[in-house]
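Take a look at these structures.
Common to both upcoming complexes is chain A, partnered first by chain B, then by chain C.
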Partner chain A sequence: MGEWRAIRLIGWSRAIVWRSWWWVILAWMVAALVLMICLGWGSVPLSPGKLTAALIAPTSDLGLIVWQLRLPRTLLGALVGGALALSGWLLQQIMRNALASPDTLGVTSGASAAAVSYFAFLAADFGTGGVPLAAASGAIVAVAIVYLMAWQQGATPVRLILTGIGLSVLMAAITTFVLASSPLSTTLSAYVWLTGSVYGGNWSDVSRMALCCFLGGIAIVPLLRFALLAPLDDALATGIGVRVQLTRALLTLLAAGLAGIAVAWGGAMAFVGLVAPHLARRLIRDPGAAQPVMAVLVGAIMVMMADLAGRTLFSPLDLPAGIFVAAVGAPFFLTLLIRQAS
Partner chain B sequence: MARISADRLTLGYQRQIILRELSLSLPEGKMSVLVGSNGCGKSTLLKAMARLLAPWQGRVLLDGKDIDRQPTRHVARTLSLLPQHPVAPEGISVRGLVRLGRHPHQSWLSQWSERDEAVVEHALALTDLTDMAERRVETLSGGQRQRAWIAMAVAQDTPLMLLDEPTSFLDMAHQMEVLDLLKRLNVESGRTIIMVLHDLNLACRYADHIVAVRNGSLHAQGTPHEVITREQVKAVFQLECRVIEDPFFQVPLCIPFGREAPE
Partner chain C sequence: MTPYRFWPVLVWLFGLLVAFGISLMAGPQWSGPLTVWHALWSSSPGDINELLIRTTRLPRALTAMAVGASLGVAGGIMQTLTRNSLASPGLLGINAGGLFVVVSLTTLAGSLPGWVGSFGAIGGAAVAAAVVWGIAMRRRDEAGPLRLILAGAALTALFNAFSQALLVIDQQGLDSVLFWLAGSVSARPLAQTWPLMLLIVAAVLGCGPCLRQWNVLAAGEAVAVGAGVAIRRLQGVSILLVVSLAGAAVAMAGNIAFVGLIVPHLARRLAGADHRRWLPMAGLIGATLLILADVAARTLIAPREVPIGVMTALIGVPFFIGLIRREGSRGG
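Here is the complex of A and B:
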C-alpha cells in the first residue's frame, strides 16, 4: 500500500505517511537541542554538567539565571516562532499562494500600527504592559477590515491578498507618522518592538502566550482537514462537499489570531511566517498533517536561534531577535529560491 | 425518472444574463451530453446543476428537492463534479488526489476507513493508475492527469457524475480513452453521466441523450439522431454541414463545411 499506512482504531482512522513523521521527530530533537544550547549559552556560559545542576536547583544562582531569565525568554521565542509559522502555513494554504504570510493580510501591519500608537499615546499613563493587547486587537481589526472590503458574494484569495496589501500600506503610513511625530524615547522603544524581540520575557508572558497557543491548537484540530483541502479550487472543493466560504473565513480568523498573539508578545518578526512554512514544505513534500507540525517546529527553532544570536553575538548588547530572523532568514530564503529556479 | 432537473432556471454572472427560464430533466442511468457554441450557456447550466452557481430564478432539483437547500456534503454523496480546469494541491500524489474524492464520506474521526481504501484502490485500478499512484500529479502527462481527476470523481462514488469538457486539451487517442472510461462507468455501474463536449461526432458516438443549447435556451434534446441534423447544427452552431450515417457505429456523423461548401 505504497507510502501510506492506515491506522485504524474502532471508528477512528487516518492515513499516515511515515517518512513525513520521521522528519517531525527529527525536528523535535533539533528543537530540544537548540533549547538546551539557548539555556547554556550567554554572558555566563554553562557546561552541560552545570546546566543540569542549574536545572535541578532552580533557587541557586545559576538556577535563577536559567529558570528566571533564559528559559522563559527562550520558550516565549519558541511560541512566537511556532505561532507565526502556523499562521503563515495556514495563510499560504488558504490563499493558494506561496508568498502569503501574516504580512499579506495586513495582520502584522495592523498590529504594528496599534502597538506603536499605544507606545506613543497610552504607554505613559498605562505602562507598556498593554502592548500585547493593543497589538492583538490591531491584528484582528485589520483582518476584519480586509475581509469585509474583499467580500463580494464570498471572498476570493486574490481579492483578499490585494486588499490586504492595500491596507498594509495604509497601516505602515500610520506607523511611520506616529513614530516620526513622537518624542525620541517613545520612538526607540517602539522601534525595538517593531523589529521583533522577546527581550525580558518572563513566566507570566509565557503562561499567557502558552494559553493562547493552546486555544489556537485546539481550534485547529477540527479545521485541519479543511486547511489541507484549501488549495483545491472552489469548484472542486464545493464538489466534494466543503462549505468553502465558511471554512475559509474560520481558517483566516484562526491564522489572524495566531499571528496576532505572536506579534503581541514577539513584535513584528513576521518574516518567520513566510520562511518557516516554506522550509517545512521543502522538508515534507506530502501535503498532509505533518507539514503544519513541521512548520511550527521550524518557526520555533528559527526564533530561538535568532534570539540566541541577538543576545550573544554582540554581547553586552542585547539585540532584537527580529534582526537575526531577517539577517539569516532572508539570504537563506533567497538561496532556496535560486536553487529551485535552476 | 430523472434524478436531476432544472425548473425554469434563469442564470447569469454579475449583471449579464446567460440562461433564460430553462427547464430540463435528464434521464437516469444514461450518458447525456450538452452541446452548443461557445458562450451559449452550456457550461453555466452544468455549474448550476452542480450548485456552484446560485440561480437568479427557478431552481435545480436533485431527487425532487432544491439542490441549494440541501447540505452540500449530502449533495456531494449523490453528485460529483469535474470542472474544466481543476487545480491540484502542490506536491500531492495521485493516490492523495483520488483520496480527496472520499471527503464527503469521511468525518473527523474516520478519515481513512477500510471502505475508503478499497474504493480509492478500485478507482485507481479502473483508471489504470495503480502503477502511478505514488507519483506526484504535476509529473503526469495531460492524459494521465485527466484520468487522475476522473479517478477522484469515481472515488466519490456518486450515482451522478457531472463533467465539464473532460476531453479538452487531450489528443484524439486520449479523448477516446477518457470517453470509453466514462462509458464503462455508465454501463457497468449504472452511473448517470452528464457532460459538456465540443466534438459533435464524439457526442453522437457516446451519448444516449443530447441537449443542444442555443443563446441561453434549450434548442433541442433527444437521441443523437433526433438532435444532430443538418438544420439543427446550422441553427445551433451557425455552421453549414452534412450529416451522414456513421458506417461503423450507426450514429449521425457530421461533416462540417465551414465557409466554403464543396460543389
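Here is the complex of A and C:
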C-alpha cells in the first residue's frame, strides 16, 4: 500500500491519499470524544457509566438532561462550527487568500445586522421562524455588496477583504443602533445571541439547521471539483471545462448562505471560519476532498469545546461560546499575520 | 519652503464657528441666533430655552468639537507614522481597546469616579496601540496596508468579544453602556470632561514641536535617519500623542468610527503635504465634521437620536471604499 491509490470506475477516477484520510478518521474520533465529554460534563457531572445508562434510557432524569438539554445544544454547536468552517474554507479557496473568511469579508456582520433588525422590527408580527431566512439573505446581500464595491476590472482579494472590513464596521454600527433603539428585553436576548451562543438549542433547531446544512453540502458536491482547483490558475480550470466565473459566483453565494445559516442559529461566532480551515490545511496538505471535510470537523470541535467552556468554566454563569472562540482565535490570527510572508 | 498661508485655516475656523452656532441652535425645537446669544452672554435665569442651551447643547457641542479634533489629529499622526493611508484609531483597534477597559471598569467595579474610567480608556488604547505597532514593525514593507488593517480588525474583534462577555454577565450595565458603545456625545457635563479636554489641548499643542520631523519622516524612515531625526524618540512621542488623543476621545464619546480615517485625507487634499499645514487643518475639519454629524444625529429622527458613531460610519464607509478603489487602481 503506497502513499496514495487511484480508484477508477468507468468515467470517474480519484486519487485517494491515505495519510489525509487517516487524519480525517482521527478527527472523527476526536469529535466523537469531545461530544461525549460535552454530554457528560456540566452542572450535573456524569461518569462514563452513568452517561451510557442515561443515553440508553432517554426518559430517566439523567436521560432527560442528556437527551433534551445537552445533546441538541452540542449538536447545534457542531453544526454551526462546521458550517462556518466550510464557508471559510470555500472563501479562502476562491479568494486564493488565507485571510479570507466570513468575518473579514463582512458576511457574518451582514447576517447579524439583518437578523437583529428582524428581531427588532419583524419578529413581533412574523415570529422568530424567519430569522434564518433573514440572516442568510443578509449574508448574501453583504457579499454581493462587497463584490460590487470592490469590482474594478476584476476583484483582487486584498480589495475584497479591505472592502469587507469597511462594510462590517458599517453593519456593526447599524446593529448597535438597532439594539440601542429597541426595548431592553429584545436588546438582551439579541445581544447574547450576537456574541455567538447556542444556549437553549433544542431538537427542532437542530433538525432545521441540519436540513439547511445538508442542502448546502449537497449543493457543494458538484462544484467541489472547481473549489479544489480554485487556488490554481483560472486557465487550468477553463481547460478542464469549468465555467469559471459562474462557478465562482455560485460557490461564493453558497459560502455566504452557509455562514448566514450558521449566524442564524449560533450568532456571530467570530474566527471559526478563519482558523478552522487553516488548521485543516496545516494537517492535510494534499489538496483533495479530505481538506474541506477536515475543516468541517475542526470547526465543529472548536465550537463544541468553546460551548463546553462557556457553560462549565464560570458556572453557574452560562457564557456565550463566541467569547471563547474569539479568545483562542484572535491570538492565533495575529500570530498568523505576523508569520505570513506576504 | 513656501511661506505659511493662513487663509485656509481662517476659512475653516470660520466654518467651525458657524457649525458650533448651528449646533447650539439645533434640536427638537430650534432656537434662533438671538436666543443663543442671550443664553451665552446675558442669561435670564428663568428662560427654559436658554437653560437648555447652556446645560445641554453647549457641553455637547464642546465635546463633539474636542473629540472630532483629537480623532482627526490622531488619525493623521497614525497615517504618517505607519505610512499607511488607511490607518486610523477606529480600524486599528485602539478605540476598541479603550472601550474594553471602560466596559470592564463599569461592569466589574460598579460606580467609580469618572476620571478612573477616563484614564482606564487611555490605558486600554495604549495596550492596543502597542500590539498593533508590534505587528506593524515586523516586516513592514511586504504586505502593505492589508496586514496592519487585518491586525487591527482582529484586535477589535478580540476586545469586542471580551467587552461583550462582560456585558452579557452584567446585563444591567448593558443598557447604560450600549448607546455609548455606538458612540455618543450626549450627557457629558463639563464638570466631568474638563480633565480630558485639558489632556486633548495639551496633546494637540504637543504636536507642535514634532511637525517638522513628521515632514521628514513622511519621506521615508531612512531619509529621516539620514537627516538627523532621532527616529525612535519621535516614534515614541508620536505613539504617546496618538494614545492620549484617541484614548481621551473614546473616554468622552465612545466608539466613533471613521473620523480619524477620513479627516486627514480631506486635510491633505486641501492643504498639501506639509504637516505644519494639514495637521492643524485636520483638527479643524474633524471638529467641524463631528459637530455637524452630531446635529444630524439628533435632528434626523427627532425626538429620538441616531448614535453619532452610526452617523460617522454612514458617512465614512463610502469614503473608505472609494479610498480603497483609488489605491487599487494605482496598483497598491
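Odds and ends about this structure:
Just so we're on the same page, the second predicted complex is superposed on the first by the 283 of 342 C-alpha atoms of A that agree within 3 Å, B and C clash if a C-alpha of one lies under 4 Å from a C-alpha of the other, contacts with A are read in each partner's own complex, and residues count from 1 in each chain.
In the analysis below, a residue touches a chain if its C-beta (ideal position, glycine included) is under 8 Å from a C-beta of that chain, and two chains touch if they have at least 3 such contacts.
This structure is a prediction, so every number in the text was calculated from the model and none was measured.
By the touch criterion stated above, A:L334 is placed in contact with chain C alone, chain B being left untouched. Here chain B and chain C are compared by how many residues of chain A each touches, and C touches more. After overlaying the two complexes on the shared chain, residue contacts for A:V141 are found with neither chain B nor chain C. Judged by the touch definition given at the top, the superposed model places A:A270 against chain C, while chain B stays out of reach. In the superposed model, A:P287 lies in contact with chain B only, and not with chain C. Shared-chain residue A:V192: touches chain C; no touch with chain B. Contact with chain B, but none with chain C, is seen for A:T238 once the two complexes are overlaid on the shared chain. Residues of chain A that touch chain C in their complex: 99, 103-104, 149-150, 152, 156, 158-159, 161-163, 165-170, 173-174, 176-177, 179-181, 184, 187-188, 191-192, 194-195, 270-271, 317, 319-320, 322-323, 326-327, 330-331, 333-334, 337-338, 340-342. Contact residues of chain C toward chain A in the complex are 86, 90-91, 131, 135, 138-139, 142-147, 149-151, 153-155, 157-158, 160-162, 164-165, 167-169, 171, 174-175, 178-179, 181-182, 257-258, 304, 306-307, 309-310, 313-314, 316-317, 320-321, 324-325, 328-329.
Those residues of chain A that touch chain B in the shared complex are 1-4, 6-8, 11-15, 96, 222, 225, 228-229, 231-236, 238-243, 281, 285-288.
Against chain A, in their complex, chain B makes its touches with residues 47, 50-52, 72-77, 80-83, 85-93, 95-96, 99-101, 103-104, 106, 108-114, 116-117, 133-134, 136, 156.
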